[in-house]
Amino acid sequence: MKKFTSPKLAKKVILRDPVHGTISITDQVVFDILQSREFQRLRRIKQLGPIAFVFPGATHTRFEHNLGVYELTRRICDTFEEKYAGEDENLWNPDNRLLVEVAGLLHDLGHGPYSHTFEHLFGTNHELMGQKIILDPRTEVNQALLKVDPEFPKAVASVIAKTYPDPKVVKMISSQADADRMDYLQRDAYYTGVSYGSFDMSRILQVIRPYKDGICFTENGMHAVEDYIVSRYQMYQQVYFHKVGRSTEVILHHLLERAKKDYEEGIIMATPSLAAFLEGKWDLTDYLDLNDGVMETNFTMWTHAKDPILADLASRYLFRKPLTSVKVVGDKKKLVTKLKSLIEEAGFDPAYYTAINSMFDQPYDAYKPTGKNANSQIEIMEDDGTLIELSKMSPLVEALDGTLQGDERFYFPKTMLGSENDPQIFEPIYRQFQEHVHNGYLVE
Amino acid sequence: MKKFTSPKLAKKVILRDPVHGTISITDQVVFDILQSREFQRLRRIKQLGPIAFVFPGATHTRFEHNLGVYELTRRICDTFEEKYAGEDENLWNPDNRLLVEVAGLLHDLGHGPYSHTFEHLFGTNHELMGQKIILDPRTEVNQALLKVDPEFPKAVASVIAKTYPDPKVVKMISSQADADRMDYLQRDAYYTGVSYGSFDMSRILQVIRPYKDGICFTENGMHAVEDYIVSRYQMYQQVYFHKVGRSTEVILHHLLERAKKDYEEGIIMATPSLAAFLEGKWDLTDYLDLNDGVMETNFTMWTHAKDPILADLASRYLFRKPLTSVKVVGDKKKLVTKLKSLIEEAGFDPAYYTAINSMFDQPYDAYKPTGKNANSQIEIMEDDGTLIELSKMSPLVEALDGTLQGDERFYFPKTMLGSENDPQIFEPIYRQFQEHVHNGYLVE
Amino acid sequence: MKKFTSPKLAKKVILRDPVHGTISITDQVVFDILQSREFQRLRRIKQLGPIAFVFPGATHTRFEHNLGVYELTRRICDTFEEKYAGEDENLWNPDNRLLVEVAGLLHDLGHGPYSHTFEHLFGTNHELMGQKIILDPRTEVNQALLKVDPEFPKAVASVIAKTYPDPKVVKMISSQADADRMDYLQRDAYYTGVSYGSFDMSRILQVIRPYKDGICFTENGMHAVEDYIVSRYQMYQQVYFHKVGRSTEVILHHLLERAKKDYEEGIIMATPSLAAFLEGKWDLTDYLDLNDGVMETNFTMWTHAKDPILADLASRYLFRKPLTSVKVVGDKKKLVTKLKSLIEEAGFDPAYYTAINSMFDQPYDAYKPTGKNANSQIEIMEDDGTLIELSKMSPLVEALDGTLQGDERFYFPKTMLGSENDPQIFEPIYRQFQEHVHNGYLVE
Amino acid sequence: MKKFTSPKLAKKVILRDPVHGTISITDQVVFDILQSREFQRLRRIKQLGPIAFVFPGATHTRFEHNLGVYELTRRICDTFEEKYAGEDENLWNPDNRLLVEVAGLLHDLGHGPYSHTFEHLFGTNHELMGQKIILDPRTEVNQALLKVDPEFPKAVASVIAKTYPDPKVVKMISSQADADRMDYLQRDAYYTGVSYGSFDMSRILQVIRPYKDGICFTENGMHAVEDYIVSRYQMYQQVYFHKVGRSTEVILHHLLERAKKDYEEGIIMATPSLAAFLEGKWDLTDYLDLNDGVMETNFTMWTHAKDPILADLASRYLFRKPLTSVKVVGDKKKLVTKLKSLIEEAGFDPAYYTAINSMFDQPYDAYKPTGKNANSQIEIMEDDGTLIELSKMSPLVEALDGTLQGDERFYFPKTMLGSENDPQIFEPIYRQFQEHVHNGYLVE
């Protein structure tokens, strides 16, 4: 594999980062990427999107996260070079450093605003967009990468696409224990203010090691890795799956659907880059011009729209008036049709004021020969070099292995539950509705 | 003075806050304000504005800060009620609690995007706007306040305006040691990742106390208060006065000036709320529709403008291409004219690519009979009740007392300093320019 | 049940505590206990005993831990009074506060130096000693308690002994989620510097609640409690069961055994209080005069003893020369006899230089109708008041429920494993020995 | 100067440290020193001595502090080698590393229990004792050092004694900004739980740099260094000069004086090592056998002594019954004689129950051509290499420069001030006494 090198900066650049303390930049190419407009735009895309509506502190952006992943790959490379580069070149080749650091820095470059919802509605894909930005000669990122080597943009793209031939390089960016997850768990915990995401990063940096086919952890680090898996599980349960955060996503989804319809009918306007998407004729520049602020600027304009549903949904999104929800388990889903009728009777269009939302995640998966996490099990190396899969050593990881954690929820307007001082709760529609809600579950 | 009370929520609402841990809400009115669109919009206005370009983590908003000030007033009231309410009603009247908490929550309600720069160019004033929002019957905030009492909006507004008759209530929100400063110092330190802003808040909460004419601190708390003043000084030096942050403000200022001119000449467009300001015919709704995202949406559109200066300034702002700067002291300001000519010769319009920027602050002021900080000296109470002004007890505060800390800088394009690999640095224009820059100062 | 009250201090006393921030004392009786010689002696007994040899920072003592438990009970009482005292007296009776706080403060009063090892060898019992100190009229603690009420010492003792009739009071001090464990997990984590023991105490304080028969947690706090159980499991694995820490205990045990023998044979001396134990004629004063420093003073004297085994064991303990160890699983224990012979051949008395040491713990136990943890399962209360046992809601707790975590180890002199530069490792004794050690396990 | 090198350990040893995270050991000699009995004994000598009586968490020992200083020198060497070793050997010679790290590790090796008080009474000196232990061929430390080179012990000793010829090496261990102070300020802050000692160590490590004649800091680090000086000032004011901590030292002093007298009169016993000092015939072994535990073991025995003054002083020390105090300023010292008479009249021997205690410190000293801090001013290097003395750049440091901070106090039994419920406060002796105490000061 080719060796890529970058000229060094005359003076190291150090950025303050509340999560990792500092982020150190010594390569010209890293500095140039940072200065590029495609990278700078990430400052305007929140890392957790609508979750800031639930955890007010979570205003951090994809810009800091990408920097954080870069910094962690840099520190992992330091560990590998110090301990595993001298003795045996097969274990760690220092020539990989630049490639892995830049791939870390750019791994999420393709994200747009509210990726999940946006992609679903407009058919974009942040991974493909990232590849495109890296490879398109019109972007400043591509120009910066080309200064290193004509092959460099492709190499970086292939690491992010997991097609680069060296599994060690790929797994530092994409695996069940990669720099990406390690950064976002810590960063999201710091900014939300929950304590669950904290695990012992300095310990992880001591026990992570390369081996012939990938990355593993030394035996004395088992508990640090176990703690990381547990933290991941807890962050999903407490933050990423938060029922109110998901309500905001539900509203966002309905809001954009309604806007699409209204725009097609010519009854609303939009700023240029979003208009291009609503018209279905967008190009890369439009995509790069989008961000959270652009979306919210349009939503703000739409709060004055003549379509009352659009105006209401825009207000609900911007001013945090979430839908409420109940858990749906077993065959209780059959009740949803009846509840939707009651909601309609109460004056809400169920297409825009109700939703079924499922969120599930596998906290850890020991082995899946195919699929997204194929072969990415976490391994612990014993003194004699034997590799043991993590769930074989940890009862906690064993408990989570292969399980799906999460829930399915039915969202609807809070009014349906009424409140103590609210006379309408005695009306039959509301009473009937409320009979189906108990302890936060949908019941018969 | 009137007693204001609010119905209690059926269930306490607790928000996560990374700075104070949690924020507790028990009053209906506080909850209603939180839900109002005027308050929710603060989510879209960054607390530190352009400083996020220097400290990438500083993405926090005025929303969290206002909540934080509310929480600190709440905790100070807890202290006062526990210790000073029972024995002598003159010391602390628990009836003040709701008023002081709501004033804390709303003290920065009137802020718009990039207040400093925006106000200068468009003649707005965030303090007056705050009063307006509180008192205007069309706002949701006003509606929420009215549910408490017809007099409540005015009372809240007068506390924020420092005209409310009880000095204890006013000083909790506005003084040299108020809940506002205590929150922002800690919050800005947390999000920038610097350690300077940290002082011992839990200790301050133990030693703060009311007396007849205001708020002071018990003798055993002198060092905690001293530390707070030192933290304040350090945050100004390290964060608020950061030369690159100010560069971004300089660019913003020039960008908006240029946009005003271009808009008047009809060669650019703007989204409705900003257009209203560029046209000089805005109303409260327009102001409330503005936020950082709206501004940046317009800037993004303007990167495609035909006016190359506007397009360049917009790009420089959005993609962080700051001007560089030198300190100007003594009579060296006279050199600026010459430097501007050189800059013009090098191809930059000095009106948009240079600036003199002064930032100075008084870290502490013992006594000033008139002016903004009139009478707001910090006092320490001895065992026998004697009050001693802080700088009389602390050599550090004495050193800072009355001094102006800060500097004056001349901003210009970085190209003027060239770089090692840059052939043009040997051209006479650049050489002449560079002769006037030494150790970061402007020299003859 | 009787109501106990104490006069209040003229001025609240606040102690600094790095774990909880501050510890607040307002009752005269708490202050008096703190001043008593029986409580002050806890300053001289390390909380983690020999574990400081492994984690150098772990120098904290039972004094701080007892204060910390007091502070947590105080904060729990605050929560209970604020939320559950007004509405229904059966849920929380504020009259319990003093009793529960004092029981928290005194729950570990009976500990002596190195309790585990010491008790085993000298037949003492820290729980009984605690009862004795509380009830004996010659102690300052008893005098302090009597000032509250003649019945108070007995009531306090019965809470600690778990015989007090109100289960809510008892469970705050002794259960699977009590103030004792919550303090020591956090404190031990802080002083060892590991991150595993950290859980979200402020959240726990929000969600803990009384119910008719005990203490439970509200439904929205499930994850905080889950995290606490996981932290507990991790602290056991990483700190309390640390193999080197246990080695120090093994040496201590052998050292005291040998000292007993030597003292009986009249070949060593001891300071008065320890001498009383070595002679088997001790009284309460002797017990109270013991502490870590007294033990180590004697060990220091014994480093000069004529008995080379005693002198060596004392040096090994004081100067941290641990034995090394391997895990013993399945039927491999049968090999120990052979290994002991090899060790003896190598010149070490196996009685003093080898040991089998087992440490196991149940991280959580859902239900055990009898035994030490009888009925102390952790329960979560749903919205309608239904109680659900924790492991039914958490897959992590379910995984740990009822399991025994820990290991059994065989300890022996490190020399048996030789080292690279050590010629004797080629001698047959050592080679034979080393054949039975692989990947840290005893093998055939 | 000679180059010293040590064989490397087969495997890096990593210790947990709550202050610096981890402490890394790669050299055999560092490991050997750690294992030596002279170094291990530091585990039994508290870093802050009697201050733990005021801040219960402050149980940390000189063992951890010495390790911490070692770790900081190691990190400073990393910075120097990365940035200043390649370009110009005169700036930093990597051959100095081992010497400076070992000197850091051993700089406080000579400390005994309660150094300050003990040295005053028994004529020992911890600096000379440290030299002795390093150079004496009977110590394990000396043996470990000799394995590096026959000259190594002397070289290490000369660095600690500040006579080593290279000022860069000496100043890393002893100057106004050395690894020693940087560790103890942070460590003491962590264990006491105060926030004042925290400064930005990671920033300091970025801006510290060598120059021809010593160590300085780059211009962009001025505020980090300023913050460090302020932290130092605050720790002295809040922790090291704490009036109750000093009371404990006063009692300790009187207790040892009385014990000396009683021992000479043959009316008390002592354990061997302390007995050697009381008899005035001690050798190095006796000194090494002393520690806090030995002292307190003797004090515990003396609580049963027949001399009531000795027994009382021992109890006061062990069970924290401090004397109380007032500040003495100006000519008020003349009143002390009168107060002592009153105290004697009240039944206390003033020789053992009163004291004048002065504690003053210079937080920073810009330049003193002679004396202890000669030439150790802190310097900031500008871009062009000019050195500027710190107080010229920082108004805070200028304010502290050359000043003496601290106070003089008169200590006496608390009973003299009586208490509200105490009838004797109306007796004339007490009334007369109390007339001279106001707001914590001695008054006429």
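Per-chain residue numbering starts at 1, and chain names A, B, C and D are given in the order in which the chains are listed.
Everything below uses one rule, namely that a contact is a pair of C-beta atoms (placed from the backbone, for glycine too) under 8 Å apart; a residue touches a chain by one contact, two chains touch by 3 or more.
Small disclaimer: the values here were computed from a predicted structure and weren't measured.
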Self-check item: Set of chains adjacent to chain B and to chain D
Solution: A, C
Quiz item: Which chain maximises the distance between its CA centroid and that of chain C?
Solution: B
Quiz item: At the chain A/chain B interface, shared numbers over all numbers used: above half (same) or below half (different)?
Solution: same
Practice problem: Any chance you could check whether A-C or B-C wins on number of contacting C-beta pairs? | Solution: A-C
Quiz prompt | Distance from chain B to chain A - Cα centre to Cα centre, in angstrom | solution = 31
Quiz prompt | Length of the line joining the C-alpha centres of chain A and chain C, rounded to whole Å | solution = 42
Quiz item: So what's the Cα centroid distance for chain B and chain C, whole Å?
Solution: 50
Quiz item: What are the residue numbers in chain D that touch two or more other chains?
Solution: 21, 194
Exercise. Flag every residue of chain B that touches chain A in the complex, lowest number first.
Key: 10, 15-19, 21, 35-37, 40-41, 43-44, 52-53, 55-57, 59-61, 63-64, 67, 190-194, 271-273, 289, 291-297, 300-301, 315, 318-321, 419-420
Practice problem: Note which residues of chain B are touching chain C in the complex, please. | Solution: 14, 21-22, 202, 206
Self-check item: Partner chain C, residues of chain A touching it in the complex
Solution: 194-196, 198-200, 203, 219, 223, 226-227, 230, 233-234, 237-238, 382-384, 386, 395-396, 398-400, 403, 405, 438-440
